Amino acid sequence: MLGTLFRASRTVHLGVAGAATAIGFVVLLSLAPAVLAGDLPATRVAWVPALGLELSLWLDPLALLFAGLILGIGFLVVVYAAGYLSEDEPTGRFLSFLMLFQGAMVGIALSNNVVLMLVFWELTSLSSFLLIGFWRHTAEARQGARMALAVTGGGGLALIAGMLLLGQAAGSFELATILTRGAIVQASPLYAPALLLILLGAFTKSAQFPFHFWLPHAMAAPTPVSAYLHSATMVKAGVFLLARLWPVLAGTDLWFALVATTGLVTMIFGAAIALFRTDLKAILAYSTISQLGLMVMLLGFATPAAAAAAVFHILNHAAFKAALFMNAGIVDHETGTRDIRRLGGLARLMPLTATMGVLAAAAMAGLPPLGGFISKEMMLHETAQTAVLGQTWLVPLLATVGATLSVAYSLRYALGLYFGPQRTGEVAKPHDPGAALLAPPLLLVALALGFGLLPMLIAGPLVTATTAAVTGGAPPKIDLALWHGLNLALALSVGAVLGGAFLLARHAALAHRVATGHWVDAKRLFDAAMDALVTATRRVTLAIHAPSLQRYLLLLFATVVVLGLDGATKVGPVLTGGRATTPASPAAIVVWVLLLAATLTVVVTQRQRFLALVFISVIGLAIALAFVHLSAPDLALTQIAVEVVTILLLLLALHLLPKQPARLSSTRRRLRDAVLGLVAGGGASATAWAIMTRVRGDTISTFHWANSYSGGGGTNVVNVTLVDFRAFDTMGEIIVLGIAGLAIFALLEPAVRGAAGQRLRAWRDTMPHSPERHPMMFVMATRLLLPLALLVGIYIFLRGHNQPGGGFVAALIFAIAILLQYLASGYDWTDERRRIGEHPLIAFGVLIAVGTGLGSLAFGAPFLSSSFGYFHLPVVGEFELATAMIFDVAVACVVLGAVMMALAQLSHVAQRAARQPDAEGER
Amino acid sequence: MTAFDHLIVAPIVIPAVTAAVALLVMRRRRRLGAALSLAGCVAGLLAAVALLVTASDDAIRVYAIGGWRAPFGIVLVLDRLSAAMLVLASLLGTIVMAHAVITAADRKGWHFHPLFQFQLLGLNGAFLTGDLFNLFVFFEVLLIASYGLMLHGQGAARLKAGVAYVVVNIVGSAIFLVALGLLYGLTGTLNMADMGVRIAMLPSGDGGLARIAGLLLTAVFALKAALVPLHLWLPRTYAATMPVVAALFAIMTKVGVYAMIRVVPLVFGATTGEAAWVPSPWLAPAAIVTALLGFGGVLSGRGLRESAAFAVLGSTGSLLLVLAAWTPAATAAALFYLINATLAGAALFLVADVAMRRRGQYGDAIVPTPRFAGQDAVGLLYLATCIAAIGLPPLSGFIGKLLMLRATVDAPAQPAIWATILGTTLIGVVGFARSGSAIFWKPADGGAGLVSAERSRADLTAPAAALGAIVLLTVFAGPVSDWTAATARQVFAADRYVAAVLSSEAGR
Amino acid sequence: MIEVALHIALGAVALALLLNGWRLLKGPAIGDRIVALDTMVINAIAVIVLIGMIGGNDTYFEAALLLAMVGFVGTIAYCKFILRGDIVE
Amino acid sequence: MEFLIASAIGALVAGGVYLSLRARTFQVVLGLTLLSYAVNLFLFAVGRLTVDRPPLYAKGVADYADPLPQALVLTAIVITFGMTALSVVLALRSFLESGSDQVDGIADEEAES
Amino acid sequence: MSSAIDLAVAALVLLGAAFVLIGSWGLVRLPSTMERLHGPTKATTLGLGALLVGSVVFFQGKLGVWTAHELLISVFLFITAPISANMIAKVHLHRMRTGALVEPESIAGEPPAPAPDVDWATFQAPRDGSSASTAGS
Amino acid sequence: MRALLPHPALSALLFLVWLLMANSVTPGGIVLGAVFAIVLPRFTRPFWPDRPRVRFNRALLGYALVVLYDIVVANFDVARLILFRRNRDLRARWLVVPIALDTPEAITVLAATISLTPGTVSSDVSADGRFLLVHALDVADPAAEIARIKARYEARLLRIFA
């Protein structure tokens, strides 16, 4: 639907949005009588039972009030937008965000499941982010959007925690249930943290001090349209939440202390700032903050009468504030400015606009006969009932201060815009706009007037029912009227009006003092904090994640050592087990000495790379001897063959790598690494000792031994394990090798191009060389050795199943035999004589291995089941054939392919670069 | 055995055959090779889904490779956990493969398709195997394939990062082998179910050694999962590689998490004395730091890929933090979040790729540019992806986070866990808002016109598909979370797993 | 008698290995080290043969054979590296 | 014998750790090589040491070296070889591409001076 | 096993081991690389040869079957050992010519040139078509 | 016959090696050995172009015996040198041996033989292939030694590689 909206024309966009909103509102209206009569329409669809999250909606009077406000005013906004938005605005995008926002707001109102409410709650943060940032080319919009998201989204996260705790304390996430469990919740230890977190969510959303600062910057939104939305509905979400959870959370001292105080402070604070703003939208924004403070304070009092006052003020505020925003929007639209200092005397030029602006401002000021007056009276009356720290005068006094300030800013708005000397901003002769812009605010002003003149008729039942819903008790007896007789509230009200007028009279002087004073700008603070956070985070991130392999490895080794020590502290005295040790022959000791000496020498001579390699060979040889001595002929074979290939590989690479000795690291670093190495080595030794000296328990290899011949058809248990019992491992192993070959090819094939190719071509060997490329004796010997080595390879392959050997070693022998040709006769000579490519070898090897595995499925046996049999041929005699040998062929293919791929490619790199000097880049 | 019983090897056989055939075909007929590879992905996905349906009856199915019964041979085990991971990997693989083919990323170097298929093979094998050494082997398969993929397309930065990635993981493999050897030396078995049983029966003097082995093993898993302080390799690796490859890598860290979920309750369960719940004292603190560093990186990232990489890190941290409680409820929640985090992490990289393709020389740097083709569409995708990645409503990330919060409500470290999860979410929100607004909102100074000629919208398909999967996960969050809950129950009922594996009728 | 002779022989060969190791460490020429390594491989073959005889099984024959066949490849490669830098050209 | 093997493993680990913490790729590769030797020896040793009893099946023989660790080491050797080959080639390729074989994260110009 | 065979095996084994040891001793004590190169030939030829023959006789006596595959080891060594020696000598010559020697020269000094306008292959690329060249084949 | 066995000497060697390796003479082993002896030379033919012909004559047998004998004797000679001769008394020499053999194969066999007999090491061949550089550990009379080499080995090889 969004996509369709994007593409369709402006009229269609508006039509769809308006119709959707209108339908919603009408449905709501149709349900209203029943709701007010006590019905509770509800619907529920399970969503995530594990979470207690269901799509559970209900419509009680409070929900009705809020949903009605949102949809009713939403409809007016769409109408207004039709007049406001210019043709070239992307209305589709704007309206989809708006509808998303509106939907989320309605969702909050209607949720009967707190988790669901959280979903909608965060959605409003998100959609308001999009709306505020709608005019994304302005820095103001982007920053405002981000700030709003950070503050309200962050508050929302606290709310999540709070709601979950609340649900936990109440034992349910169903709102209807939770609301009946106030006593249980308030007795729970979770109450205080839950309350704090929930209030954090509510206060940020409702822009309560000190989280108020995002709201004025949300006014950077493209139009007063969305700005209104923020002030008239979204910010009320916090108030709604307080009202919604009133039965379960309100009434405690903590509630009073937090909620009433915050509201009161915010009321005064917001009003004071509003008085000195010059941007119309900013004035309205801060007034909103102040008015919200008022509502919050009332809810904080936690009396039914205060709740009734709050509810009625919500209604009033929605009407007059929406009207005011639209009013300011018209002025902006018609004059091209929102700066109140550049505007004035507009009453004569745009009378209709002025009338409605003045009326709405009067409502905001709390002047009779508008609804705002009544709710303010109620407020003042409630404050008079409230004592703080035993003092009954403090709250009423402060509330009156707030009221005074609000009179002052309201009057400033009305008088500054419409009266006095004529100032018309950017436009010479502004005039009243068309019906689309005028009708909605007019309707709202009429409503505001109605709330004052006929309060009980228009709002009475709704306020009564809603208050009952808020307090969770019986419907209170309320009396909405302009005249309650001479009482304290009236006196305070009059005082406020007079004070307001006085303040306005002294406004110029005050404004000067305010302008020259040093004020903490919350936005600048917030931005600075954010920038500092980002900078600090970036610095920390960069410092930690420096691209140093040394650090990666250092931490890895250190972690392993620490974890090893964790376990070692539990090994206790039993380091040595009860198994008798094996005596060491002098030869074994000699080999051990050689190994240790070679290891030490590698470490010492590491900077002379060639020498280090020679000593690596010694270590390899010593280990091969150890394998021979310790009954592992297969391992010895493999070790010997792999060693040769590895050395060739390292020499090939070393040729092109820089040969000058590496820079010596600092003594401290070397010492540190040496200590770490010794600790790790000591740990490894101790662990190896501990395990080797332990008596061997029952192992699964007993089964392998027993079944090797009877079940696997071979006497070399190691080989039968590799190609039968654990052939699956071997399949993975050859795939690893095959991948290594492919990856090496992928790395080296393009090495002659680009930066690498340039470097290769520029590469000059600094060592003096003998001119002889192919020494005669060596070449001749390798020609004889090739068939001989192939024969040995075949032999080792064929007997592997019963004697040491097998596909892997055989393939290495084949590879070495061919590599010898490369070494002796050169790359080109050998390459043109080779018959099989490495790629097909690897591919077919893998296919044969998998095919062997799948073959057994045809016989109803599991994947990779082996089979063998003894056959008799004339002359040849009896011989054995096993499917495992086919598998071993696969092993040999892949190993040969991969090894040849690695070494042949590597050996070819330098020459290829020399040969194609102009092959740069293209393929 | 019926043919259907053999289906369990399909996730291994299909990619193996596809890889080999693609290797043979690709040299001559690129298109055919790519088509085969994509078809292989789809076939693998279908097989995985069939296995998932099979596993949903709560039975644990054991398949003895080569007919050798556990613990003597290698068995594949299909339970809810392995089936779910298979589907996740196959789904991700298919989406990413589609993107690679659509954007021709597979032509930026050699052997993309074989390497990709082998990568899937390694993943699937790791999820299915019931044998610890075999797990090592499949780890190696998936690692070495990842080395190849990571280097795909090459370039100095990628190669440099590749060296570090490869070396660190080689050392990790060495540690894996030491742990494995130690466990075999102590227990005389390699089968995980059997190993758990035998560790519980070790003489008391061997408990410390078992603990060392367990700690080393989990250190290896933590390295794969990129848990602080073993996470250092991740940001640069993921940011330096091609985004389409990084998208696939979104599941690589989850393999480490999977391995912990599989191994710890099974091998180091409550009855194993000093080795019980072996990573416990270390896991949660490390996870907290991981989450903080991860989302901090999102906030301070200079490129889309970098911040996506850090987002992957952060999600792993959150996930392991919850997992560290080692309760079925926490594991269930973590599993749900894992699915979301994998898809969202991949989507982040795919969207970054799409943005890079359109922003020309600006690449993925978080700086304003002149308008580029499809800016709004890409921006919308980015927004939705970020929502999923950080866990804002309405997408499944939010549900995942709520599940994790709820699951840890009684945990001793509940305040720390909640503060971490929610605090890092806020950092992530701010971070993504910054990057999104800089790239998709802020116009470049004095810039005019388009930066790149890329006008096709085909490359939006795969990111949109990833998002579609996330939307489905959201809509069906109920059934999925029920599934993960049942999965967690199954994981923690180690005795059922042991009984299924060790008493299996299959095999010689 | 054979037993004693074999052990003496093994000791002698081990001593030879030790002497090779000394030359390998000492150098001084790179050629000396390569000779020492080459000799060490040959002496290792002797060790393997003797171990096989002492243990009474000829299972290690292949290891010795392989060492005889490919042991010199390392020697050649080291020499070629010194002579030409590029061992395959 | 157990002492020899255990201490050899320790020496190889110590050397391997030290070398792999050096600043250049070639030394790192040497370090990895030493570490892999150590690991292979360790994996082999966990089957306990047995002299002169190769695991070649014959009826009635009850004393034999544990074949399973040997099979595991064989697999590990092969895998290690693949990994070593790849890392060596990668180190070379990376050097060719960037002109530096440093792995300490210090900028290349700085390393040259 | 008869004592004659015992004696033969013991003698062969001891003889072989002695030559192996002497060869390695030569490697240690001879003055420079070229001289030291003569040491290992002992181990390769008579040293291992005697050992292997001893092994053949030993297993013949022990297993009662004629086994001779040990001789293959000698076959391969006879093929490979001269190549090793040749290459090491080339290394020595090359380093001598390029002035890289830090160690004492051979007692024999520098090799004489083979003929007036010809040099050794290590110093001069083998001429095409000559039997020292394998390039064209 | 020529088509089947392009290189009878190599085939014979392979067959012999196979039997030695298999360590037993069974019908199956013989069949397999024969197969490989035929197949492998054909398979590796490209890697050994211009294979010289080797004659199976008495010279071959005589050569083998002479070399074996010389190896044994020289071993004792050199052992004495190593054990008892002081370094400064060693008369190490470079010998420049002119050679009449004209195939690389034959020269290689000669050079290898010289290296295998202790006391002499074939160190290099001249760039034109007509001289062999031999290092001798201890020679009193270089000319006599050169003559000995030519007479004892080269003469026989000339007959074998005719």
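Order of writing sets the labels: A, B, C, D, E and F. Residues in every chain begin at 1.
As a working rule, a contact is a pair of C-beta atoms (placed from the backbone, for glycine too) under 8 Å apart; a residue touches a chain by one contact, two chains touch by 3 or more.
Heads up on the chains, UniProt names are A = Monovalent cation/H+ antiporter subunit A; B = Monovalent cation/H+ antiporter subunit D; C = K+/H+ antiporter subunit F; D = Na+/H+ antiporter subunit C; E = Na+/H+ antiporter subunit G; F = Na+/H+ antiporter subunit E.
Everything quoted here is computed from the prediction, not taken from an experiment.
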| item | value |
| --- | --- |
| Neighbouring chains common to chain A and chain B, by label | D |
| Touching both chain D and chain E (chains) | A, C |
| Chain with minimal offset from the mean of all protein Cα atoms | B |
| Which of A-F and C-E has more C-beta pairs touching across its chains | C-E |
| Furthest chain, CA centroid comparison against chain C | A |
| Centre-of-Cα separation between chain F and chain C, whole angstrom | 22 |
| Distance between the centres, which are taken as Cα means, of chain F and chain E, whole angstrom | 13 |
| Chain C-chain D separation of Cα centroids, rounded to whole Å | 22 |
| Cα-centroid distance, chain A relative to chain D, in whole angstrom | 39 |
| For chain A, residues contacting two or more additional chains | 547, 549, 551, 553, 557, 589, 629, 633, 654, 684, 687, 691-692, 696, 699-701, 704, 725-726, 729, 733, 736, 739-740, 743, 747, 755, 770, 772-773, 776-781, 784-785, 788, 792, 803-804 |
| Residues of chain C touching at least two other chains | 10, 13, 15, 17, 30, 34, 50-51, 56, 59, 65, 69, 71, 76, 80, 82-83 |
| Two or more partner chains touched - positions in chain F | 17, 21-22, 104, 107, 111-112, 122, 125, 129 |
| In the complex with chain A, residue positions of chain D that touch it | 1-30, 33-34, 37-38, 40-42, 44-58, 64-68, 70-71, 73-75, 77-79, 81-86, 88-93, 95-99, 101, 103-106, 111 |
| In the complex with chain D, residue positions of chain C that touch it | 51, 54-57, 59 |
| Complex contacts: residues of chain C adjacent to chain E | 1-2, 4-6, 8-10, 12-13, 15-17, 19-20, 22-23, 27-32, 34-36, 38-39, 42-43, 45-46, 49-50, 52-53, 56, 58, 61, 64-65, 68-69, 71-72, 75-76, 79-80, 82-83 |
| Of chain C, residues touching chain A in the complex | 10-11, 13-15, 17-18, 21, 24-25, 30, 33-34, 37, 40-41, 44, 47-48, 50-51, 59-60, 62-63, 65-67, 69-71, 73-74, 76-78, 80-89 |
| Complex contacts: residues of chain E adjacent to chain C | 1, 3, 6-7, 9-11, 13-14, 16-18, 20-21, 23-25, 27-28, 32-33, 36-37, 39-40, 43-44, 47-48, 51-52, 54-55, 58-59, 62, 67, 69-70, 72-74, 76-77, 80-81, 83-84, 87-88, 90-92, 94-95, 101-103, 122 |
